[in-house]
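Following are the structures in question.
Each of the next two complexes has chain A plus one more chain, namely chain B in the first and chain C in the second.
Here is the complex of A and B:
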């Protein structure tokens, strides 16, 4: 039986006005599953992407997120059972809160709302240098500002060079340039660290 | 030219960065070296946009002979993992290649080395999962 088209499925789910049952018929709901479709990216380079939205969530009504874009554009984002959600790790809709920041990708509907294929909540990707290291926190300098990176037991991992990710953070060094994937704690200078990439 | 059909593609790691109006730690990012960068647009940072840029990123110290390309130049970036391609225009200088010389990202048995391009969140998310942070890619002009 052919795999249902994920985008068509999401669109019909939203237009149907109800939550989607049996979404696992689509296969995995992990974020990477949203990128398994054939390549069909047609957009002029440099152009704003109509199938993308970002900003801060201002309200949640059922499965509809209302948000204010950083450029003050107002967004409405539909989340269905087929939407992959990331907030430090793959998670569920009930973990999304008013005030969260987000990036979302999906299908723009005729009414201007977005049916989300994937939504990344509070995700950050920081180029930083390590200013100090504590047992459960990294002090990071990022764009001239201090960011506190919290180590999350069972989640935070380090990648040293080209080696696989490990839970051992003891090889991190003060002064080292790092890239940090994490989840911002809204309205603070703090993030929960998912992965820290160190050069060696 | 277009996706995966130029004569001299570059292979390496791609990542993503925020720019323009944004939230959280990205709020201070600004519009990039070209003054046009926005997270919602299909744009990129390239480590050899000028002498000043090259002096910061130094991809040559990682053995990367990346050509000088300036603001507005268009690349076609193909994700090894998804096979998807996105066209992006240069809007900033980056990534900072040399602190991470030798770093490698793989998809299956295909691995590419060194950070050679950063995409905006809208561009990266069109071909890969933002939570991956780094991913192997082919870059064509």
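Here is the complex of A and C:
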């Protein structure tokens, strides 16, 4: 289905007035059903989570990512139509490049590869303090190192305290401690800022 | 009679050493600063605080000698040797322990950068100039304005080269500039995606189907006054797309609707209105 038609179809499915069902449509509410289901996670304490992979992408062939983990583990990650891909925005497979870092969650297949449900490309979570504010960028001090945080129009949001996220960044102040979720630009000290959390 | 600029250098070098030596000897967190510094890899973790305090004591003694009469050229030479030692220490820290703090003139963790070298270089230059010094009180009395200006300039340069002092003067200046005109003020006020996600995560609809979701957010687009957010879900053994409709300009999580759609069969499996 072409993309505009597909989006129109999905929109009409959720907004159209068709068959509204209650919560019981999601299956039995009886606890027996839950106890009967096989446990999804069987892990020894201290064992590596088999349904997770992380690393730098060393090669892309078809819909398969080859990667080298931070502990040098080699990973193969399958990306499907149902895989969500985050790279600053929710995005598509063709935006993934060799050299990108990633975290992936999914299901381990018998051949040892991971069928990914979700991939976060180049995502970083920084605790930093704002050293300077310029047009379209924040200078961040992160453990004594300078990190440049680029403000991306239409994307960068700020959360002040526990208030809802807003696009207004004018309450950011030099010297304040912030938490930054963003997308790293590989092999630089620069990130594109998705969300910046500030105390007040 | 020596030149007056040389003669006031012991005053500058002495005051600087008084500051840094005092902090090293009497600072409340001197022990912690020592353990964070490159001394840890140079002399070992146990001996670092002792060596740190010893350095501070030497600095204080030298400061006293420089500031108090009588004047010997040897005092300035000793200060120059000490400054050279600091330069060597900074070079060592930069090469052997890049992650360590300078520990020079404040307990605040400060990585070694070009500013640290510039500061040590300034003290070295002042000490070398000071080897040609006469008594500073004579020079200061002879040229009070010129000597004062030179000392203030040197002190300003010292502060400018000190990352530890940034929070005292540089940050307030930047804060003032940001207050006058915030560089990030002229941005559009579109509803950020993060805000829609927060609203979604607090909604009944999301709670109802949350257990079925397999992926993160796959895509989103805006339709007039709703934002559509798509996830992959697993429903009755088949893969489906969970389509959420979130109010775009209002916080009304109770109005969020969700549909589970089988895209391959173009069939709507379930619609919940969240109420």
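Just so we're on the same page, the second predicted complex is superposed on the first by the 155 of 200 C-alpha atoms of A that agree within 3 Å, B and C clash if a C-alpha of one lies under 4 Å from a C-alpha of the other, contacts with A are read in each partner's own complex, and residues count from 1 in each chain.
Heads up, the rule we're going with is that a residue touches a chain if its C-beta (ideal position, glycine included) is under 8 Å from a C-beta of that chain, and two chains touch if they have at least 3 such contacts.
Predicted, not measured: the structure shown is a model, and the values here were computed from it.
A.B. asks: Should A:118 be classified as contacting the first partner (chain B), the second (chain C), both, or neither?
C.D. replies: A:118: touches chain B and chain C.
A.B. asks: Check the residue A:189 against both partner chains and state whether it touches chain B (first), chain C (second), both, or neither.
C.D. replies: The answer is first: A:189 touches chain B but not chain C.
A.B. asks: Contact-wise, after the overlay, does A:47 reach chain B, chain C, both or neither (first, second, both, neither)?
C.D. replies: Only chain B is touched by A:47; chain C is not.
A.B. asks: Please indicate which partner A:134 is in contact with in the superposed arrangement: first for chain B, second for chain C, both, or neither.
C.D. replies: second
A.B. asks: Considering only the touch criterion stated at the top, classify A:173 as touching first (chain B), second (chain C), both, or neither.
C.D. replies: The answer is second: A:173 touches chain C but not chain B.
A.B. asks: Overlap the chain B and chain C contact sets on chain A and report the shared residues.
C.D. replies: Looking at chain A, the two contact sets intersect at 86, 118, 120, 144-145, 194-195.
A.B. asks: Hey, which residues of chain B end up touching chain A in the complex?
C.D. replies: Residues 3, 15-18, 20-26, 28-29, 36, 38-43, 72, 74-75, 79, 81-89, 91, 94-96, 99-105, 111, 113, 121-123, 125-134 of chain B touch chain A in their complex.
A.B. asks: Considering the complex alone, what residue numbers of chain C touch chain A?
C.D. replies: 99, 101, 109-111, 167, 171, 174-175, 178, 182-185, 187-195, 198-199, 208-209, 212, 214-221, 223, 226, 228, 230-232, 236, 239, 241, 243-245, 251, 257-259, 261, 263, 266, 268, 270-273
A.B. asks: Taking the complex as given, what residues does chain A use to touch chain B?
C.D. replies: Contact set of chain A toward chain B: 31-32, 34-36, 38-39, 41, 43-49, 51-56, 69-71, 86, 101, 103, 105, 118, 120, 122-127, 142-145, 147, 161-162, 176-177, 179, 181, 184, 186, 189, 191, 194-195, 197, 199-200.
A.B. asks: Would you pull the chain A residues touching chain C in the complex into a rising list?
C.D. replies: 1, 6-7, 9-11, 13-16, 18-23, 25-27, 82-86, 89-90, 117-118, 120, 131-136, 144-145, 151, 153-157, 159, 164-170, 172-175, 194-195
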